[in-house]
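Next up is a structure, given as structure tokens.
As written, the chain order gives the labels A, B and C, with residue 1 at the start of each chain.
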Amino acid sequence: MASINFLREKWFYLVLLVVALALPFLISNRYYFQIVIMGCLFSITTLSLNLILGYTGQASLAHAGFFGIGAYGVALLTKEGISFWLALPFSALCAALIGFLIGLPTLRSRGSYFAISTMCFGVIISIVAGNWIDLTGGYSGIVGVPLPNPLSIPLIGEIGFQTQVAQYYLVLFFLLLTLLVMHRLVHSLLGLSFMAIRNNEVLAGSVGINTFTGKILSFVIANFFAGLAGGIFASLMGSISPSTASLELTFNWLIYLLLGGAATLAGPIIGAFVIPVIMEYLQFLAEYRLIIFGVLLIVVIIYFPRGVMGAVNNLRQKARDFSDRKKGAMGAASG
Amino acid sequence: MQQVFNGVMLGSTYAIVALGLTLVFGILHIPNFAHGHLYMLGAYISFFLMTLYGFGFWTALVISMIILGLIGMLIERVIYRPLQDRPHINSFISAIGALIILETSVIVIWGPQGRRIPNPYPDIVELLGITMSYQRLLVIVAAIAMIVLLQIFIKKTTPGTTIEAVAQNREGAMLVGINVNRVSSLTFAISTATAAAAASLVAPIFMISPTMGALLGMKAFVIVILGGLGSIPGAIVGGYILGLLEAVGGGYLSAAYKDVYAFGALILILSIRPTGLFGKEVS
Amino acid sequence: MLLQVKSVSKHFAGLVAVNDVSFDVRQAEILSIVGPNGAGKSVLFGLISGMLRPTYGQVFLQGEEITGLKPHRVAERGIARTFQTTALFDQLRVVDNLAIGYRLRTTGGFWSTLFHGRRWKEDKDRTTAQVTETLQFIGLANKAFHFVSTLSQAEQKRLSIGVALISQPKIILLDEPTGGLIVEDTDQITDLIQKIHEQKKITVCLIEHKMRMVMGLADRIIVLNFGSVIAEGTPAEISRNPQVIEAYLGAGSNA
């Protein structure tokens, strides 16, 4: 019985992958397709937020700040003529390094203190981005960021990134990369140690886990991917501004994460796609949609705190318990 | 010296707002993210009452305090109470929902641009070479009056000491028969009403806008954390220090970066004392 | 002499919780620490395991000083402990708890995990083997994939002992491992402790209230009262000690 479930899951993901790869041929509307691309990009940021918050239990509110560092890094470097393919990893590493430096003081605090500490750091980034006019162009931001340089692939030739389709595959590639990394991290002893920190930090220390290095590692990895997403964003959008590092963005991802289901791998992706789509559908409500959104948020967090994937997992667990009990009953009957 | 005066005025505002926040923190054990937006709403309600119904400044202020007090109780009941036994992050999200509703409602009703409230005391007085407008003086006097009244309330009256009791030991308070939920409601009401008062006092001096609460809310967090979450003296002292630093520092250092210094100081201080300057450990 | 506690004191803002306590724990013995409620027993464990810093005094493990080391370092050196209020990772399953308990004996870090390198593979295999073995040892093999919240009190106590055991410690500190359990479950835990002592040859230091259990189990007993040692000796010696009798009769025990 268990093996059939396992196979079914593998098939499910394979189908998803095929659909994802074939998506450009299924959607012709440019506008909707752009939403999909943004969904993929924000899936990366939400997945990485999930690592530090969902799995390690530390409420970092600086996430958009690191997204911004990656964005500004790529914007400035590529405008100077450096290849996107060098600027991107470099900017992501910068985000990771700054994350390390900021993590050292802030991760000494817990809970609300850490949250506010990181919130302040995120705001510092946006203020600096808005006022360091020589470097960042101030509140008008940076425009004219070039698209990623064409790639030469043996046997296929050159791939340019002017088309939406090519941009989509670029973002999809990085999303799959992020997913792979997260999957390996989460399903490992390292991932378990993160969850131990989240569940009971004192006990984790008592059983020999260095909780500080654990938190720093999780934070740095999360910020790396935030910076990575930011760099891609800058290049594809062509222009960025201090609002790229705004607290509002962090709050958005926080909402995607919690409504989709924290501490799961599917949850962040579901949240990052479904919620913007819902918001799009609610366009006709104009400003009122935000009010409805706020109400929805409160209702969901009170009644469905584990989000969509949490509810799904609950159902799965109930199904498993039910079949276990049936098996037990049958065994008792025949035994 | 002019900057010192401005700093004291600014500090008075910060002190009141931080005081409300720290009171609520003593009860909730998490910061109320929506506090800044409630402050903003207080200013708008006063503005609304004054311009639409022609109420006098003081009448509008008092009514605004009452309305915000009621809204504060509503927030406690709907946003925070259902989540009190859950991880703190859930309360953050709930508060974010509330603040989205508040900000959007204000934009929907009054538009996103800033508005001016007519200044009820436009005269100024010159003292010791400092130009003081009556309105600014009023802010200082009213703020100090509120702080003193609140201190008396907390220390000398029964409801006040009950609030302290619940803040110190929730379970213990419940065991001796204190209705903790009513205390929470009351604390929220005081917190939001005082914020409304502060906002209405300051509104004629600066413009009001839907986003005026966000940055102030964050600064209130900084003050409350530095002063110690739940510590009233800490909030008051911290508020005045920040106000003075901003006014005096902003005059000499780059005005744009003054917020950066405040937030940077917070990060630094928390790294040395992870639970704030006078704070207690939060479980 | 495995563990040496030398003149250790702990002051908490006016209250002296532990007052100039000295004792040794010998290799492969079962040492029990007893005393009325509030005598400072759990605080003493906290001082040894690194959760609290002694105000005065020192702690040595196998001759090396461990005073003031952080808890995870103390755990690395080979001291494992359980808590009076059962402490487990209650969002996770039984096997997860055990695997976390073994984490400190594994070496794979971020890069090995990312690329599924050699260390990651070895860690995975060793952890699986250790978890399986410990599950058998504590008798929870049939509940391996259950969530902690579905276990009974007794099972949770056994699991927390398992989590301490799996790290292959030199000495294990058990803080009231039978707290709140009925007689059958208490006997089960007693048997488990005996098994740990005989099969694994791990030194055990045990805080307990139940005197009958302690008398049958311990090689030596130390009696604390108001933070100070009032008696030390074999069970026979302790049961005849007039000061001990007075402390217990005076305070009222559930012996």
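Here is the rule we go by: a residue touches a chain if its C-beta (ideal position, glycine included) is under 8 Å from a C-beta of that chain, and two chains touch if they have at least 3 such contacts.
Quick caveat: nothing in here was measured; it's all calculated off a predicted structure.
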Task = Make each chain a node and each touching pair an edge, then name the shape: line, ring, star, complete, other.
result = line
Chain pair, A-B or A-C, that carries the greater number of C-beta contacts = A-B
Query = Rounded to the nearest whole Å, what is the centre-to-centre distance of chain B and chain C, using the mean of the C-alpha atoms as each centre?
reply = 48
Query = In whole angstrom, how far does the Cα centroid of chain A sit from the Cα centroid of chain B?
reply = 33
Query = How many angstrom between the C-alpha centroids of chain C and chain A?
reply = 41
Task = Scan chain B for residues touching two or more other chains and write them down.
result = none
Message = Touching residues of chain C toward chain A in the complex: what are they?
response = 49, 51, 70-72, 75-76, 80-81, 83, 87-92, 96, 99-101, 103-104, 106, 108-110, 113-114, 116, 120, 123-124, 127, 163-164, 167
Ask   = Any idea which chain B residues touch chain A in the complex?
value = 30-31, 78-79, 82-83, 86, 88-90, 92-94, 96-101, 104-105, 107-108, 214, 218, 221-222, 225, 229, 254, 256-257, 259-260, 263-264, 266-268, 270-271, 274-276, 279, 282
Request  = Could you pull out which chain A residues touch chain C in their complex?
outcome  = 181, 184-185, 188-193, 195-196, 198-200, 202-211, 217, 221
Query = Hey, which residues of chain A end up touching chain B in the complex?
reply = 53, 59, 102, 104-106, 108-113, 115-117, 119-121, 123-124, 127-128, 130-131, 247, 251, 254-255, 258, 287-288, 290-291, 293-298, 301-302, 305
